[in-house]
C-alpha cells in the first residue's frame, strides 16, 4: 500500500488498481488516431483515462476520465435500448437482425431478401435502429435519443456541432448504406432524416466517467445507480447486453468474448465501454486505434481488468461453503427438521434443498415439522423460489407442517398455500457442515 | 402437486417440470429428419427426451432420455476442449479462429490468407480441431477423443460403425473442406487421416442423459459431477463455453444468445446440448430438424426451459438483502467495529465493505479494532479477496488491529500480513439492516 | 416471295425477314414490365419493334420501331465512348474496370481497395463513367452526353422529364452505389451531380430505329452511316464493342456471347441494342423483361436473327475461292511472273502470296519480273500490307523487278522503295485455279 | 530486310516478325516460375518461344518452339470441345456454365443451387467437363482425351508421368473442388476418377509449335490445317472460341478481350495459346508467370502481335473498294443490266446488291435481263446467299430473266427456281466505280 493511501477512504484501493493498470498500459503508443475528419484528427493521442462506476453508483478512475470526446458507436447499444423500449424485441428483431456479421463496422452486410442489417452494432443496423425511435420528426427523434443517452449517463449530454457537421459532410459510406436499405425497403424514413439522427447521436460528447456510468446502468439491469433512475426495464438491458456480447466488437467479437468475456462496445473517437453485469461498468478513453477501429489502450485495459479481476462472464465464483444444511440432531426438539439455506439461491441451492429432504440421501427420517431457515438467504432466483414452493406443497401434502424462519418476512418463497412464520428457533443449531459436493 | 408425487422424493418436481415442458412441446411435428444417410433417415421421428444433470450430479429427465443416437456436431466442443488441453488457447487459436461466421455449419468460411477456419463449431473448424489432438496416428488420436468424450459423459462411448461407414462414404463436402484447408496449409494431417477421426467422433452413440452429463461437466468447470472426475481444467471449460456462446448454433447463434442465453450445441441426429453454468446441463433428443439443422423440439425445449427457469446467462439473481453490515452500536464493546459480510462475495460486496469503513459514508468513526465477520460468507471471488486484502493492509497501516471471525479458518482472505483469528464474538450483534443500495 | 413484294424495291426482303422474326416471336408474352416507377409501368406491353440499320445507312424494320421509350442502360456504352474520347482507354481503365462481374446490373461490385467498379456496363461503372465526361458542371456535362448520344442516333434526343424526376426520386440503390464509390475515392464529383447526369442520360427518349442507328454507328467503327458523321474514332468504337461483348448483358453475358455472339446492351424500358460489326446495328423494343432485366422478346429476336443470319462474331465466311493465284504459263511473256490477289486481304491472303513465290511450293522458278495484280483486291488489312511490303523488298533485294498492277493506284501496298505501276497486262491470263488449301 | 533473308523463301518474313517480337520482349524477366511441384520449379526460366501456324498449315517460329512443357490449363478448351462433341452445347451447358466468374482460376465459384461451376475454363469447370467425356472408365476417358488433344496438335501427345504423379499428390484444392461438386450433385463420377483424367490431361507434354497447331485448328473451325483432319465440327470450334473469349484468361479476361482481342488460354507451365479466327494460331512458351498465373512474356508477346498485326477480333479490314457495281452503260447490250459482285460476300455486300437494283437509288431503269456477275466473288456468307436468292426470286416474279455469270459453277447462290448460267459476257464492262458509302 503506497504511503499516500488514506486509511479513512479504503475504497481508494480501487482507484489504485485502475491507476496500476493505466501505468502499465500507458506506454503503449501503437495505433493511429482516426483522421477521416479534422475534429477527430485533432485529438491528443496521449489522453488515457479509465473509469469504473459500480452498481452502487460509486465512481473510480485513473487518468483522463473527464476529458470530453464524441461517443460515436458507443451510442449504438443505448439507442437500441430505446428502440426496444418503444417496440419490443420481436418488432425490432424484424427490422434489425441479431447475428454477428463476422465483418467490419461499416460492412455492407444486409439480408439479400429484405435488406435487413445483420445486427444493431454495425453502422447499417444502427441507422435502422435510430430510425425506429418513435417521434413525429427527426428533431423530436434525436431529442428522445439525446435524453435517453443522458439518462444513461446521468447528466445532460450535448452535440459537438463541428463533429456533427463534419460527419454529415463526409459520411458517404453511411449514406450508401442508408440508400441501399431504403432501396430494399429496410428503412422507412427518408435517408437524410435517418442519417441526421444517426450522425447527431454519434456526435454527443461524453467522458470516460460518463461511459462508465452508462455501462453501470446496463450492469444494474437498466437502473442508473448514480441518479437512481430506471432508464429502461430489466429485459431491455439484458437484451442489449446479449447483443453486445456477440456483436459489440465487430469482427473481433468472438475473440473478445473468449478473452475478455464482457459485453462491450467501442467508438472511433477512442472510447471503450465494458459491462460486468451485476458488478460495474467500465469506460476508457484513448484515441489511438488498432486496424479494426478499437482503441489500442482501451482494449488492453479491458483485457487487463478482466484478467486481473477475473471478470469473465463465464467465470464462476468459487464457493467454499454449501448453501444448504439440514439438521435433525439431539439438540433439535423431537419431530422438528431444520432446513437451513444460505446465500443467493439459484437452481443448485434449491435442488440441494429438495434432495436434502429425501431420506435416501440425507439419512434423516421425515418429521412432523419442517422449519425452512431463510435467515442467511440473500436473494432467490425465480427458479429456486418455484422449487422451494413445490417443496413446501409436497411436504404439506404429505402431512408435514412447514414453518418458515425469516424474521424480516421477505416473502422469498411465495407458497401457494399457507405456511406459518416464526422469528427464531427455540434451540440454536451448531454449524454441522456436510461435505460440499462442489468443493 | 399431482397425487403421484412421492413426498419422500421432493426432487421429483424437477422431473415433473421437464415432463411438463415435454408435454407442451411434444405435439410439434415440424421439421424433417436428416436423410443424407440411411442410418439417420431410419430414426423414429416421435422420439423426444429431455434430460437434466445438475452440478451435484443428479439426473432428471422426461421421455426418451435413454434412446441412443449419434452425437454428431455435439462432439465438437468436447474435442475442442481436448485440443485446448493439449496445446493451450493461444496455439489452438492460431489454427482455428474464434469468430462467428454468420454462416451455415458446412460453410466454406476460411481465412483467405491462411485457410484458417472461422471457429471450431463449424465443420471446417472441427476437422482442424480434431487434427490437433496429440497422437502418433489416427487410431490413437481417435482413441483419445473417444476417451475424453466418454469421460465427459461418464460412461464408455462407442462408435456406430454403420453410421461411420456411411458418413465416410458420403462426406464429400467435408472432404472438400479438408482438401481446401490442406491446400492452404491449415491442415497438417493427411486429409483422410483427419476425416477418419472426425467422422468417427461424429458417429459416437450417446443418449440425452449422456449429453446432459457432458453439459453438466462444462457447467461445473470441467468436473464431471457424476463420476467426480476433473476431465479438463476450469479455464478450458470456460473457453469452450465462451465459444459455444457465440458460435454454437451456427447462423442462429446471435438470436440464440439473445433469446435463450445459454451456451449450446446441436447435432444433426437430433441432439441439443445446453449449459447453465454453475447450475446444470441439459440434453435433449428429437430427430426432426429445422432448416438450419437444429432439432425443432430440442430448440423449443431449451427456449421454454430458459424462459420458465430464467436461465439467461445475463439474467442476475435478485438480491433482497445487502451483503455487508457494519456495526458499532452500544452492544459492541468500546473500540470494536464489526464488519459482517454475507453470501458469495464478488466485486460489489467487497466494494461495499471498503466503503462501509469510510467515515464519510458510514458515519461510524474508526476504532482500535476491526472484526471482519466471515461466518456467513459462502465463497469469495478473487477480486473480492484482493479488495479485502487491501482493506486489511490499509487498516493495519493506519494502526487498526484487524481480526477475522471465521471459525472454520477457510482462508478466504489471504492477508499479506498477519491477522488474528477469533471463533466467536463476545456479544452477539442484532441484525440491524441498512437500506440496500440495490433494492 | 409474297405477292406484295415490290420488284423495284428488292431490299424489302430485309424488312420481310425482320417481320417474319417478329411474327414468330410476337406471341411470347412472358416476363413483366418494369414497375419501379409509374412511368415505366404505364408502357404498353404489346409494343414490339425490330429495327435494323446497315453500315450503308439504310433502315429496315418491323412493328413498333418508332415508338418512343427511355434509353436507360443502353446509354452506357455511348457515354463510355465519350469518356474514352475525352481521356483515352488507359486513363478510363484506371477508374472503371474492364472485367465482367458475373453479377446483376445493380451489383455492389467494387474493387475492395479503391472502390473501382468492375466495368462500365453495370450501374456503378456507368455512374463513374458519366462523371468522367469533361465539363465545367453537371449541366454542361449532361449536354455533352446528350449531344453525343444524339450524334450516335442521328437526331436530337431529349429527356423524358417525368421519367427523370421519378428515377431521381427513387434511385436509392444508385445513390448508395455513388456514395460507396465517393467514400472509397472512386468518384470525384459530388454524388448528386454525378447522379443527375446519370439519371438524365437514362431518361433520354429513343425509338428502336434510333437504337439501331446507334448500333450501326458502332458497327461502322464510330461513323454514323445515316448522317455520315464520325462520332468517335475507330479505336474507341472497337473498345466499346469489346466491353459490350463481355459485359453487356450483365450476368448473362457469357451465355449471350456463346449463343448470340454479338456485342449487345439492354435497357430496363425494354430496348435491346446489338451490333454486327461491319454489317449493321439492331434495335428492338418490347417492354416485358425476364428476371435479369432483359427484354424477353428483344433477346429472342436477337437470338433468332443471329441464328438465321449466321451473325455470330466468331462465325467465318466460307470462302470457296483462293485469294491468290500465281501464273507463269506459256501465255505469259518469258521472265514475267504474275501474282494475282483477290478480295479483302488479311494475314492468310498475304501469307499465301509469300508462299506462292517459294519455288519449293509453287514449282514456278523465279523470273526477272514480278507483277503483283491487285485489280480484284477490295481492301488490305495492315498486317497483309506489311507482309506484301516485305515481299516486295525481298524480291527487289534479290534482283527481281516488281511491278504493281492497280489501274486506280489505290496505294494498297505502300512499299518502302519504289515500284513501277502498270495499268494492264499485255496478255490476259486465264483463270487457272489451284486447289484451295481451305476448301 | 536483313541480309540473310533468302529470296526464295519470302515467307521467312513471318519468322522474322516473330523473332523481332521475341527479341524485344525477351529481356523481360519479371514474374516467377510456378513452384508448387518440383517438376515445374525445375523449368529453365530463360526459355522463350513463339510459334505461329497459319490456317494453311504453315508453321513459323522464333526461339524455343520445340521445348516440351506440360499443357496444363491449355488443355481445357480442347477437352471442352470433346465434351461438346459428345453431348452438344445444351447438355454441356446444363452441367458447366458459360459465365465469366470474375475470379481466379482456382476459385470456388459454384452455383449455390446445384453446384454447377461457372465456366469450363476454371478448374472446377474443367474437372466437370472432363468427367462428361463419354467412356466406360477413367482409362478409356483419358485415352479419348489424349487422342483428341493429339488430333488438335497433329502428333501423338504423351503424359509426363512425374508431373502427373506430383499433381495428383498435391492437388488438394482441386480435390476440394471435386468433392464440393460431388456433394452438390454437379459431378457424377467418383472424385478420384474425375481427377485422374483431369490431372493426366494437364500433364500432357506439348511444345509451342503444338500449341500453335492446336490454336490453328480452332482458327480453321476445327480442321487441323497440318494434318488436314476435321477434329471437331465447326459449331463446336465456334463455341469453344466464344467461351475462351470471355473466360479464357480468368479474372483478366475482360481486359484481355479489350486489349488483345483474341480468344486465348494460358497454362501454369508457361504456355499461352491465342487464336486469330480464320487466320492462324499462336503458341508461346516462357515459364515465368505474373501473379494471375499467366506467362509474363507470353502475354506480352500476344499483346505485341495483336497490336502490330491489328489482330483484334473487332477490328475490321478497311475496304477501299465497293463490293458491288451495277452497270447499264452504252457498251452493254440493250435490255441487259449487269450486277457485278466482289470479294467475300456478307450482309453488307448483299444489301448493296439489293439496293443497287432499286431504280430510286441506282437511277438505272430495270431491263429485261439481269446478269449477276459472280466471277470475282470469293465466298458467300449464308445471310448473303439468302438475300441474293430472294433478289433472284423477286426479279423473276417481276418478269426479269436472271442469268448468273460464274464460269466455274460454284453454286454460290442456290436459287429456289431455275436460273440460266453463262460463262462470259459478250461485251466487257469497264470498271466504273461508284463512290463507296463506307470509304
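A few remarks follow.
A, B, C and D label the chains in the order they appear, each numbered from 1.
Just so it is clear, contacts are C-beta pairs under 8 Å (C-beta built on N, C-alpha and C of every residue); 3 or more make two chains touch, one makes a residue touch a chain.
Keep in mind the model is a prediction, meaning the values are calculated, not measured.
A count of contacting C-beta pairs for C-D and for B-D identifies C-D as the more extensively joined pair. Within the list C-D, A-C or B-D, A-B finds its counterpart interface, over half of the contact pairs alike by residue number, in C-D. Taking the mean of the C-alpha atoms as each chain's centre, chain B and chain C sit 68 Å apart.
In this assembly, the C-alpha centroid of chain B lies 66 Å from the C-alpha centroid of chain D. Centre-to-centre separation of chain C and chain D, using mean CA positions: 19 Å.
In chain D, no residue touches at least two other chains.
Across the complex, chain D meets chain B through its residues 108, 172-180, 182-183, 191.
Within the complex, the chain A residues that touch chain B are 1, 5, 7-11, 13-14, 16, 54-58, 89, 93, 97-103, 109, 118-119, 220-221, 225, 238-239, 241-243, 245-247, 251-255, 257-258, 261, 263, 276-280, 308-321, 323, 342-348, 351-352, 354-355, 357-360, 366, 376-383, 387, 390-391, 393-395, 397-398, 400, 407-408, 410, 412, 431, 433, 437-438.
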